[in-house]
Structures are given as C-alpha cells and as structure tokens.
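In what comes next, chain A is part of two complexes: it sits with chain B in the first one and with chain C in the second one.
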Partner chain A sequence: MQYLIQLLISGLAIGAIYGLIAMAFAVIYKSTGLVNFAQGEMTMIVAYVAWTISTTISGNIFVVAFGAIVAAVLLGLVIERVVMRPMLGEPVFSTVMVTIGLAVILRSSINFIWDAYPHALDLGVGRDVVRVGSIGVRTGQIAVITTLLLLLVGIWAFFRYSKFGVAMRAVAADDRTALLMGISAPRVHGFAWAASSAIAGIAGVFFALSYDLSPVMFQLGLKAFPATILGGLDAVLGSGLGGLLIGITENLAGGYVGSGMKEVAGFLMIIVVLMIRPFGIFGERDIERV
Partner chain B sequence: MINRFAAALLLATASHAGAVGTAAAEPGITETEILIGDVEPLTGPPALLGVAASIGHKIAIAEANAAGGINGRKIRYVLEDDGYVTARTIQGARKIVDVDKVFAMVGLSGSGQSIAAMPVLEKAGIPTVIDVAPVKPLWEPPRKNVFIVGQSYEEGIKHLVAFLADKNPGKKWGLITQDDDYGIAVHDGFDSMVKPKKLSVVYSGSYKKGQQDFSSEMLQLKDAGVEVFLAGGIIAENVAMMKELEKLNVKPVTGIFWPGRIEPVLKLIGPAGDGIYAVDYVEPFAGEAGKAFLEKAKALVSEAEFKGINRYTMAGYAAAKVLIAAIGRCGKDPTWACTIAELEKTSNVETGVMAPISFGSGVRFSNQKLKIMQADFSTLSFKPVD
Partner chain C sequence: MRTGDFKETYGELVALTDSPPVWLWSAVLLLALILAPYILNSYALSFMIMILITVVGALGLNILTGYTGLISLGHVGFLVTGAYAYAIAVSKYGLPPVAGFVAAGVVPAVASLIVGTPSLRLKGLYLAITTLAFSFIINTLILEARWLTNGARGIAVQRPILFGVSFDSDAAFTYLCLGFALAALLATLNIRRSRVGRAFVAIRDNDTAARVMGINLHAYKLIAFATSAFVTGLAGALYGIYLSFVSVEGFPFLLSIEALAILIVGGLGSALGAVLGTVLIVLLPEVTRLLFNLFSAQMDAMFTTGAQELKSMLYGLVIILFLRFQPRGLVGAWHDIRRFWVHWPLRY
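Presenting the complex of A and B:
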C-alpha cells in the first residue's frame, strides 16, 4: 500500500508541473487558436532567469518569485508583440512554424547566455523531505501541487467572474463578434501570452526547485502537451487536471509495469481517450454549421 | 640551343615546384602554420563534453605554440559545432577536410557521431586522434589513419563492477541504463560480469534519454532491496536518481561512470553523493596531477574557458598532445603517411593527465589504465581509492 501511495504522490507532484505547463498551452490556444510549440522552452528560460536572480541579486524566495513572474510576463509580451502579432491573419501552419523556430532559438540561447551544466535553484526552501512513515515527499512537491490547485480555482474564477476573463472567452468563441462588441483582440492575445508565460514560468521554477535546472528542461513541454490534449486544448482547467492524470498514469505504469512503459503510458491513455472523446476529456465539441 | 634552353626552363620549373612542394605537399600546412580540425557539440546539453574537450585541445595547442609550435610552424585550431546532431558531424567533418583542408583531426563529438563520420575520415586518409567518446566500433576493425585515446565503456563497467563486487560480497545489485548506444555498452559490460562475480541482480531498468523524473524507478529499486546500485545516467540523470533515493531514505553503495564524473555534479547531489564510487582513466582534479594540470591550464586559456574545464578537457589535452608529438617527430616536412606512422610508434607518451599512452603496429586503441575514485562531498571532489 505504501508503495502505491508513494507512486501516487510522486505522480501528483510531477503531474502538477505538467498540469501548469498544459494550462499555459491551453491559455494561448483558447485565446488565439494557436498551439505554442515553444512552451517548454519558455518554461526553461524563466527558470534560468529565476536562477540568475537567486545567484546575482538575492536568494530570497519572494524576490526570486517576483522577479521570475515579471520576467515571464515580459517574455510573453515581447514574444507576442515582436514575433506573433505580425503573424496575425497568416495561415495557422506558418504561425505554428514560427513557434517551432522560436523554440529552437530559445533552446540554443541557454548555452549562449548560461551554460550546459546543470544548476541547483537553491532558495533555502523546497528541498526538505517531509516523512510520513516510510513515505517521503519534498516540500517543493507539496507546494507545486497546492499551487496548481489554487491556480485552477483562480483561473476558473477569472474566466467566470472577471470582465477581462469574459472578454477572453468572447474572443475565443468568435473574435469578429468580440471585435464588434469593442473587445481588442490584440490586447487579449497579449494578455494570454503574458499569462501563459507566467504560468509556465511558475512550473519551471518549481521544477528547478525539486529537480535542478538543465538545458534539457524544455522537454517538459513535450511531456505536458499530451496533458493538454487529454484535458482538451481549449480547456484551461481540464488541461491542469490532464497533467495530474498523466503524471499519475506515468508513475503507476513505471512502478508496476516497468520503466519502459513510463514514456508510453501517457500517450496510450491519450489514444484511448481521443478515440472516445476526440476533443479531450474537458474540451468543447467544435460544431461547425454548414 | 633551343633544346638547351627548354631543358634549363624545365629544370628551373621543376626545382621551383620542388621548393614550394615542401609546403604544399599536404593540405593544412604552410610555411608558418599547421591546421588541426575538430567537430564538437558546442551547443545543446552535450556541449558539456564538447566544449570541455575543445578546451583540452586548445590547452595542448597553446602549450605547443608557446614552445615555438611544431618545428617552427604555429598550430591553428579549426573548430566546428555539430550540436550533437550526427548529420551535422558528417557535414562538419567534410567541411573541415575539404574546405578548410586541415592537416589532422582531433576530438570528434560523441560516440554515434564519430562512428558516423568514420567513412569521411577514412576515405580522406587524414591522421585522426579521437578522445571524446571511445567506443569499440572506432577501433574494431582498426582503421589505418584513426587512433583512439581512452578506454571502452564495457571495460570501465567491468572494472567498476569487479571492484564493487569484491568490496560488497553477497549483496543485491541494481542497474539502470540509458536507452542508447552508451546504455547498451554499459549494460553489456555489466552482463559480462554477472556470472564471473556471481552477482544477485534484483533490479535492471532503462530510461529514455533526457528523462528527469526517476521517482518510480527508484521506488522499484528500493522495493527490490538493492544494496549496490550502478547509476547509468550521464549528468542530470544521476543527480535526479540520487536525490530521489535520498527522498526515499535509502542509500545503496553507488557506482557511476566517467561521463558523469564531473565535480559540479557532487554539489548538485548534495550530501547524498558522498561516498559514490566512479571509474575513470583520467586523473581526478583533487590529485597532484589534476592540480598541476589546472595550474598549467590557467595560464593558457581564458577565464571563461577555465570555468568550462572538466574530465573531458584532460582527455582532449592528452589526445592533442599525442597528435602534436607525432607530427613533430616527422620533422620540417610532415606528411600524412609520416604522421600516421609516428602515431603508430607512440609508446609510453606521458601527458600527466592519464597513464602513459601507447599504440602499436595495427593497434589503434590506447587501452588506458582504469582507476576507481570516490566522491568526497566535503571537498566536492573525487579521490583515488585503488
């Protein structure tokens, strides 16, 4: 039983990181209809910025958290304004290719700006192990699960009750009608990129706290993307939950079947789910009227 | 009269051609310099080894140039980045041989990349010394112009397993390897020791390259009761595994291989890394030889390059030194044939960073002597134990 509980806890912890990045994917998709293939790289860049702040300015957790979020928001806004806005109205394929190009540039920038060595993001917190019987969990892992749950509630409330959240939903549903209603689509897009970058950045910082920084961190994006598909590309909350499901499934498969199945399990689950619900567990059925 | 004039003209032309011929007989050689080429991963995560190896080459070249170069000719290093992408390694090797027209090659990226570039180098016939990733297909069958400094992963793991088995008789063993050619070599080496050392293997797993979460693997390891663990990761993977074991409150006797024997790794693992065993054929920086090498390097490379030094720098330094010495022995007019012959004659060449290097007639692999080291967290270093 303890074996199962340990697998579930570890699965939830890594799943929460996938979930945050998956939510970042969904925020952009929901607002712009675009899949951002540079999401994993943006996660990594923000984590490296947080590490730079911690080693050069201050290792205080609040300073690092504030600095990382500001850097993430700026990164998102700059990418939207400089790279993505000129692509407005262009074919989706071209826009997606731009995000792939962006991913390669961001990935390579790690070596140019930082180095290829792994680094520890040491903020004096997050690395302690809490033990209940023989089950161990790091405080950083508890924090990331809690953060995901809080963000799920916060984002639900934002889309449900805030004016800007409703405006974002309107742009996602029908950007032309939203424009006629006085909603600025570029402003909504800019906000979506900034919010997405911040959410992914939070995931990156939590990942670095528990697992260290390394130039292969961008691969988190590849692990989180199936979570978005599973939850529903247009379902921000569903994507977060999808991350938890993928994390738990991976760990159970790795723990009971074998490490080889760990990589495959999440994708197997997606295939099965998509065969039943092609729009994801929480995604909306896209109805086109002829 | 006309015939005499024509003969004189022919003689003059021939003698002129002969005069310049000494400098232009082989590519990569002028009156003042000799070009040595290299292709390494300088970007992406494997830059950790590529950049470090290239720094080793630079140190050997700077040292030789400071001493007057090779028989008066300064050495110029031509370096290409392959990003650890095999197609780019081949492209880079072709560019260096055909466009830059270097005299010799050194280094050459990862194991898969160097194997893929072999046809280009073999066809060109250029003297080549490989140091980054020594794997059997590079020297079996031996290629006339390709020499390898180092030791095979299989021999490395055999040496480590033999040491750990003798030290921990009757214990339960666990092994995890990467799902690539490196992992296969490590696994094969381990398998060959299971019977002779009567090992009780209770866990054997593999992971996908780039994996960062090892929670289920380490839990399986704990559940199987592993007491001696061979962590077959490279850098970040070994750190993640050791941290996971710390979280699970288990501390098996752990062994790692030289690709992961890099001092910053100890800082990342933290106290859980204290006492980890490692196998390698280059000297640890904590020893006298390591300290002397660092002292030498400080004067020859920039501050940024000095920070990038790791074990691959020592391996690169040794290989470049052997190559430079062989070219030097060919005198004022080195040729490929002479350099290859002199490389073959390399016998007990001291580099100060590993055991003396030797090749031989038909022998293209230096088969370096292995050492077992142990991590000391308090000094963040590896110290020899055998």
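Presenting the complex of A and C:
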C-alpha cells in the first residue's frame, strides 16, 4: 500500500511536469493551429539558462526563477518572429516541419553552448523530504504540483475574463473574422509563443531541480505528447490534467510491470486514446467522416 | 524547339518519359555508376554506398508521405524492423541471404498493417504523432524480446553471398546497393503511373473526392503503408549489412527526420526529388566540412569534435530554409531552370 502511494505521489510530480509542457503545447495549438515539435527543446534550453544563471550570477531562487522566465519569454518571442512568422499562411505540414527542423537545431546547439555532461541545478531547495506519516514527499514535488494547479486556475481565468485571452480564443476559433474585428493575429501568435515558452521553461526548471540537467532532457517533450493528446490538443486545462494522468500511469506501469513498460506506457495510451476519442478527453469534437 | 506535346493514347500519357535525351542521359548516368566502383577510392565509395542505401529508404517514405500524403515520423521503426528481420533470419537461424531480404521486406510490411490501422481514422498531425509513438514502441519491443534479438547487445551481420557471388568487398557491395536502388526507383516510378499510384495521389489531393470516385480508402491507405514499409525494410537490411552490426542504437530517431528532410529538400511526391534530396543531404555534412576547411583549420577541429551535432544542425537548417524559400524542393528548382532554358528569351 505504501509502495502504491509512493508511486502515485512521484507519478503526480512527474505528471505535473508533463502537464505543464502539455499546456505549453496546447497554448500554441489553440492560437496558431500547429503542434510545436520543438517544445521539449525549448524546455531544455530554459533549464540550461537557469543553470547558467545559478552558477554565474546568483544562486538565489528568486533571481533564477525571474531570469529563467525572462529568458523563456525572449526565446519564444524570437522564435516566433524569426522562424515562425514568415511561415504564416503556409500549409500546416510545412509549418510543423519547420518546428521539427527548429527542434533539431536547438537540440544540437546545447552541445555547442554548454556541454554534453549532466549537471545538477542546486538552489538549496526542492530536495528536502517532508514526512507525512510513513510517506516521504520532496518539497520540489509539492511545489511543482502546486504550480501546475495555480497555473491551471490562472490560465482558466485568463482565457475566461481577460480581454487578451478572449482575443486569443477568437483567433483560434476563426482567425479571419478575428482580424476583421481588429485583433492583430501576429501579436496573438507572439504572445502565445512567449507564454508557451514560459510555461515549458517553468517545467524545465522544476525538472532540473528534482532530477538533473542533461542534453537528453528534450525527451520530456516527447513524453508530454501523450498528455496533450489525452487531454485534447486544443484544451489547455485538459492537457494539464492529462499530464497528471500520464505521469501516474507511467509510474504504475514502471512500478508493477517493468522499466520498458514505463518508457512506452504513455505512447500506448496515445494510440488507444486516438483510436477511441481522437480529439482527446476534453478536446472539441471535430467530425469529418470519409 | 518543340512547340507542343500531343499525346494520343493512354500509353503515351503514362509513359515514364517521352523524351529520347532523358533515356540517353539516364543510360550515361547508369554507365557512370557502374564504372564508379572501379575509379573511386574507398572514402568516396563509402559515400556512394550511403547514397544508394538512403535512396532506397527515401523512396520508401516517398510512397507513403510523397504520394499518399500520410506523414510518418516513425519510419525509422520500419528501417530497424527490416534490419532485425534480416539479421535474425540470416545470422541467427542461418537462412540464405535471399530469404533474409524477403523477410526484411515482408516483416515490416506486416508490422505496417498494424501501424497503418490508426491511419484509417486519423489524419495529418495526429497520424504523425501515432507513427512517432509506434517507432518508440518498436524500439522497446526489440530491447525487451531478448530471446529473439539479443536485446541491447545487437546482432552481428556478415556481407552476404547471393547466387554464388560474394558481396564481401566494398565495390561488390556497391553493386548490390545499386541493384536495390535501381529496383526501388523503377518500382516507385511504375507504382506512380499505375492504377494504384493514381489512387494514392487522389487520396493525397482530396480524400473525400477520392472516396466519391470509388477509391477504397481503407484498402489503399494500407497498401501504401505496406509497400512503403517493404521498401524501407529493405533499406534497413542493407544499412544493417553495411554497418555489419544491427542494434537499436544504430538506428537513431534522427533518421526519421533525415528522411523527411530528404523528401522536403528534393521535392515532395517525386521519385527524382527523393534521389536528388538524398544526394544533397548525404553529401551536405561533407561538403560543409570541406567549405569550412578552406577558411580555417580551427573550424575543422570543431567538425571532428561535434560532427554529429553539426550534422543534425545542418539538417534542421536545410529543412527550414527549403520550406521557407524553395517549398517545391530541388525538383521545383530544376523545373524552373528547364523552363527558362527551353523558353528563353521568352518568359513562358
């Protein structure tokens, strides 16, 4: 029983990281209609920037967090402006392939800017264990789950009440009509990329806090795919919850079946979900039968 | 100067080419390729072998992504299945290499029927993600099924002896690869101009319209998956033989991206494009290395330390630049040049 609870808790914690990245996927999909295959790489780069800040400027957690978020927003804006905006109006296949190309470039740039060895992002927090009865929980795990829940509420409120959030939904629903209503689609896209990059960056920093930084961190993006498919590509909140579900499933499969199963549990789940509900649990149904 | 083309029979419409010079130059090229192994040194020969093997794989993906319009991000899965099918049949069970090659085609084709089933319901991005998932699942299956595949240790493979001819030397192996590349090229060109190929293209262009015209979408999508996997599996077997060792690490996920890069650079949906794209992508790292070498020796050092990273960076850059500035690929550029040449000084 204790084993089960322990698995569930670590599943929730890693699931929260997947959930954050899945939300980042969904934010971009919702406003621009494309899947950003470079999401995992952006996560990794922000985490590396955070590590550089912590080793060169200051190890203070607030400085690192602020620096990482600013870096993430800049990264998102630059990518949108330089790489994605010229592709506006091109077929989805082309734009998605551009993000794949971008992913490959970002992935290998890690080895040029930093190096190929693993590093620990040590800010002196996140690794202490809090005991609840006989179950140990790391503070980093509590923090990441809390962050996910806070962001879920925040993003829900943003899309529901703020003017810009409504504008983003309008562009997602019908960009041409949104343009006629005086909404600047490029600005919305830029904002979406910045927001998505920031959310993914937060996930990256949390991952680096509890585990380690390494050049294979981009695989987080692949791991978060199932979450966003499960929740629905266009459902930001659903993707967040999907992450938690995937994290738990993965950990249970790893704990009770085997480590090989842990690697593919998420992917097996995507295939099942896509066969039954291709639009995800919370996604909007888009029926087209041939 | 020709003033117009008049096709009077269906046979003329679907002929491979109506121009004698094309046949002539193809024959010259073939002759050059046959003579090449005698002239080239072993370093150049290794690139020729890589190009020929990659052409087979790129043509395989072209059937699925280029002709039928189904994007696959997991083609490396078929490549690795083909390589393992050959290695298991020949090295493990001692079957003749011919049987190994048959297995290398048939096993991925059967696997593709499973992978292809979701494509009957999914389109575009969703299908791409499913194929991506399958390629990871296949890798895990191979690593887990130790009794069959030796797990992470991999299987050693010998160069084959086919019909009493040994393909042990690099030159002889080049001929084997050339044979497979030519067969794959002719096969894809002929599929394209057959009833099946026209059905594929109809599905790509507009699947609803294709369905209305009586094309059985389910059957043809599965046929596309199976043919594509068959050809790709053969490429995988050749690559495994060339590496002389088959393991999961020998077939990284980057190969799927490389294959898509080849199709985009060459021009999607064209066999000629697949060939041109392969030549460019395989030679790209080498050519860049030579170019940088001219500038400074320091750059050269960077290439030796970060060769793999630089290679993948180039792929990424080439994908983005081609999609941005020449979306029709090298074939598109070639058509523009040809049109300019034929019609000059008129615009069109």
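To be clear about the criterion, the second predicted complex is superposed on the first by the 284 of 290 C-alpha atoms of A that agree within 3 Å, B and C clash if a C-alpha of one lies under 4 Å from a C-alpha of the other, contacts with A are read in each partner's own complex, and residues count from 1 in each chain.
One rule holds in what follows: a contact is a pair of C-beta atoms (placed from the backbone, for glycine too) under 8 Å apart; a residue touches a chain by one contact, two chains touch by 3 or more.
Please read these numbers as outputs of a predicted model, since none were measured by experiment.
Using the contact criterion defined above for the overlaid structures, shared-chain residue A:134 touches chain B, although it does not reach chain C. Touch criterion met: A:115 reaches chain B, while chain C stays clear of it. In the superposition on chain A, A:14 makes contact with chain B only, not with chain C. Of the two partner chains placed around the shared chain by superposition, chain B is the only one that A:255 touches, whereas chain C remains out of contact.
Applying the stated contact rule after C-alpha superposition, one finds that A:267 touches chain C and leaves chain B untouched.
When the shared chain is aligned, no partner comes close enough to touch A:174: not chain B, not chain C. When the two complexes are overlaid on their common chain A, residue A:214 makes contact with chain B while staying clear of chain C. When the two structures are aligned on the shared chain, A:6 is found in touch with chain B, with no touch to chain C. Within chain A, the residues touched by chain B in the first complex and by chain C in the second are 107-108, 111-112, 258, 260, 263.
Only residues 71, 73, 118, 121-122, 124-126, 128-130, 132-134, 136-137, 140, 143-144, 207-208, 211, 217, 254, 257, 260-261, 264, 306, 308-310, 312-313, 315-320, 323-324, 327 of chain C touch chain A when the two sit together in their complex. Of all residues in chain B, those touching chain A in their complex are 42-48, 51, 176, 205-208, 210-213, 215-217, 219-220, 223, 235-236, 239-240, 243, 246-249, 262, 264-265, 267-268, 308.
Chain contact summary for the complex, chain A toward chain B: residues 3, 6-7, 10-11, 13-14, 107-108, 111-112, 115-120, 129, 131, 134, 136-138, 207, 211-212, 214-217, 219-220, 250-255, 258-260, 262-263. Considering their complex, residues 34-35, 83, 86-87, 90, 92-94, 96-98, 100-105, 107-109, 111-112, 222, 225-226, 229, 233, 258, 260, 263-264, 267-268, 270-271, 274-275, 278, 290 of chain A touch chain C.
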